[in-house]
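Below: the structure, in structure tokens.
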Amino acid sequence: MCATDHGGQHHPIAVAVDDTAGPSAPPSREMIEELVSANHILFDQGVVDAFGHISVRHDKRPDRFLLARNMAPSQVTAEDIVEFTLDGEAVNAGGRKVYLERFIHAEIFRRRTDVAAIVHSHSHSIVPLSVVKGMRLRAMFHMAGFVGQGAPVFEIREAGGDATDLLISNGHLGRALAENFDGHDIVLMRGHGSTVVGGSIKQAVYRAVYAELNARYQLQAMQLGEVTYLTEGESRSCVAHIEAQVHRPWEMWLEQARARRR
Amino acid sequence: MCATDHGGQHHPIAVAVDDTAGPSAPPSREMIEELVSANHILFDQGVVDAFGHISVRHDKRPDRFLLARNMAPSQVTAEDIVEFTLDGEAVNAGGRKVYLERFIHAEIFRRRTDVAAIVHSHSHSIVPLSVVKGMRLRAMFHMAGFVGQGAPVFEIREAGGDATDLLISNGHLGRALAENFDGHDIVLMRGHGSTVVGGSIKQAVYRAVYAELNARYQLQAMQLGEVTYLTEGESRSCVAHIEAQVHRPWEMWLEQARARRR
Amino acid sequence: MCATDHGGQHHPIAVAVDDTAGPSAPPSREMIEELVSANHILFDQGVVDAFGHISVRHDKRPDRFLLARNMAPSQVTAEDIVEFTLDGEAVNAGGRKVYLERFIHAEIFRRRTDVAAIVHSHSHSIVPLSVVKGMRLRAMFHMAGFVGQGAPVFEIREAGGDATDLLISNGHLGRALAENFDGHDIVLMRGHGSTVVGGSIKQAVYRAVYAELNARYQLQAMQLGEVTYLTEGESRSCVAHIEAQVHRPWEMWLEQARARRR
Amino acid sequence: MCATDHGGQHHPIAVAVDDTAGPSAPPSREMIEELVSANHILFDQGVVDAFGHISVRHDKRPDRFLLARNMAPSQVTAEDIVEFTLDGEAVNAGGRKVYLERFIHAEIFRRRTDVAAIVHSHSHSIVPLSVVKGMRLRAMFHMAGFVGQGAPVFEIREAGGDATDLLISNGHLGRALAENFDGHDIVLMRGHGSTVVGGSIKQAVYRAVYAELNARYQLQAMQLGEVTYLTEGESRSCVAHIEAQVHRPWEMWLEQARARRR
């Protein structure tokens, strides 16, 4: 097989870019440490493998965000965190390769000003759900109220044609994806995975873990019969009350991730 | 999404409460150590994650019970065990936050005087079974005779309306749940999980582990054809003979949990 | 629930028995070490949990066999191995409790003089297959030729009535089970598990591991469409050629079991 | 059961062979180390168990290839690597037993001169897909574009009759299998497993891991409804862009394999 050039999609998935924007006040050290921990937790919990990424909005400049350089999440350290503009331009990559799909983060941060953190992943039960025609991920247990009454499925063919590599490799595709987040906190991407947003790193990580579980349970339940999903009221109550507790799993997951890294 | 106030359900899932009842004679140290071990085993066996809890009836005051403060079960120590009344009031929390859902334990201990220990969890195969219309968990192998001829499914909408957060957050909901335990030792909770009772900590832990396995096997078998379940006589014989052996898995699970904590 | 007394089945699943037969020449130390390793491998490979057992025919007295005392397989040491007659009587238990289900081993060793080792287990994919009406475990890949053209399913109700605890708790039930091994090396037990035999400890362990995999694959394949099983000729060729290699997985499994016990 | 002699298939699956070809210039040390690491990664990622193997074309003699002697992949060291001709003859086995199925590698290297590395395995989701009549493994997510529009299923009965042991035990069967690789990079083998090829060791390992995931996801998705697969253009773009990144998972998998071997 050889590479072809469909729809201007001829690119590697990691790229070296010039730093084209000026530096900002440095983000808080605490936020960077939390972002590093989030990378390790997402790997340890099986949400990401060598691929997938998490970003956080800059705490001093809301028009900037932080994301690791191009690498496996399990190996990220504080030195690997790079700052980006909302156009997806690196500020301080210093020649290091960055994720091609940084446009996922850039365009969602631009469109959803309430969002503070974003996880993009290909977790095991999300991918099969994303390719079944007419299927919607839908909240079916109390830990996943944020899934709501049916997550949109982003079909890249509508914005990018039928010969892309399915990656969100430019601002055009990023904007097309971001539109799906109006009124939704998770969007599936057909044949690819999902992206989930939160008001904090901890909340985005929580949601990425439990979105996978909701998908897994839904796959099993749908094979057996008609499913009772959460009502809209139940979804909202679950988000309000249960997600106030996201620090509880976070502390446990962090301890587990550290133990397994030793 | 924002929190709403449906049916008086506006609450966090961990709460700081005043100690409103007088102290009792202290429970046996052995019982507290066993309760701590049970927390670790349930986590290590995958029955609970950062959520879920196990309680034991006070060995000197049957109108009191013991339960960890609000925290992940894997991290519980003897110092984290709190005493409660059968109204769900903390005796010696000393300002520490407690589980919102302590009413599950309080009301079952009140109604079922034969019960000595209770596990509430959201294990992986129970949740999907709980949302399929018309589905009943039913004993299908010899280790799970206690499941009997069909576990009730608690639908919180009947007692709490259609916009709750699915949690058993007060005595009213606790009593509605507890009624389902007449003649049953396990009850599923729609879109939430299950609660299982036993005559000892070891038996309740045994049942929580094997209820999950029965659900997993039932999910698989039902996809292939008609299932032969245990008869009522078989269920009873299995409980009588096999559950006399609950110390055998307990010792092994405890060794495993300790090894993985080191 | 309380114990009932159906069909003379009122018994605990571990029993203290008198040593009623005379001692034999001691079995080879090597055989005992291999039996201990087999217990650890079966646990480490997920074939047994706290329940299930493996036996070997005595190398100096074919009318005797060796089996651990009543305990979890993961914890067995050489000191825990007990000798039994083909009536299931302990020779040197010395007051230690023994497995109730030793009659599985006794009666199969009696009936199948070619058998040198037996594994009884409740592995995860075997149990669901055992309860689906009309279902037969059947060889579907080259590692499991020994499964043949359809494993019998032992229905204990035919020999023991419809209120047993499903356990093979006496010689009568043991003989009824053993009859199913004429022409078969694996027999499923409805609502309980399976028993598999081999010409050596290594072969019996190999077969217990791959029977579980065959069941798992068969469960998945049958949900998708019509399955091409091995022919009788393919099954025989696979047994002849592939099972000559049982030492290869044995060495690896043993290394894994030891590493995880450290 | 006893061995029979169908179609000249009477053989053990490991064989001692004479070294019949002359030595070559030694392959690079780096290539051998990478081949050893690949064995460990494939085991650690669950693609192979005690069975399965990976080969690489000799970097100085394209008519030779390197493959471990007959052993479990997890235990391979540099000293265990043997050189073979494209007729499957060992060059420097020195009396050590070799894999019976070396003809898989020999005949594919002969036919596909662009191939540099080959993985043969029986991974868990591939086997069930291989036995369902009319079923084709097909690319359904961006990481597995190399699967393309439907992998061939090799039916050994066509070349070897209906009583083989399903193994590729001679050049005749190897050639019959190799023909299926014209225009395909992965071929399923009915009731056996799969073989996948790549332009480098890293690429072949990557593909073996993600072929298993594609199969797993496909098994799940097909149970729920009609599936949207990748188009031919999408498959090609994914191969071109994503497989340029095979070093990213490789580094992570190698770190994991090493950590778990310690």
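Just so it is clear, A, B, C and D label the chains in written order, and each chain counts residues from 1 on its own.
Going forward, a contact is a pair of C-beta atoms (placed from the backbone, for glycine too) under 8 Å apart; a residue touches a chain by one contact, two chains touch by 3 or more.
Just so you know, these numbers come straight off a predicted model, no measurement behind them.
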Proportion of interface numbers common to chain A and chain B (over half same, under half different): different
Turn needed to bring chain C onto chain D - CA fit, degrees, nearest 5: 90
Chain at maximum distance from chain B, centres defined as averaged CA atoms: D
Distance between the centres, which are taken as Cα means, of chain D and chain A, whole angstrom: 33
Whole-Å separation of chain centres (CA-atom averages), chain B against chain D: 47
Multi-partner residues of chain D (each touching 2 or more other chains): 223
Interchain contacts (touch definition) - all pairs: A-B, A-D, B-C, C-D
Of all residues in chain C, those that touch chain B in their complex: 1-4, 6, 9-14, 49-51, 70-72, 74-75, 122, 124-125, 127-129, 131-135, 161-167, 190-193, 219, 222-223
Of chain C, residues touching chain D in the complex: 140-143, 145-146, 148, 185, 213, 216-218, 220-221, 223-242, 244-245, 248-249, 251-253, 255
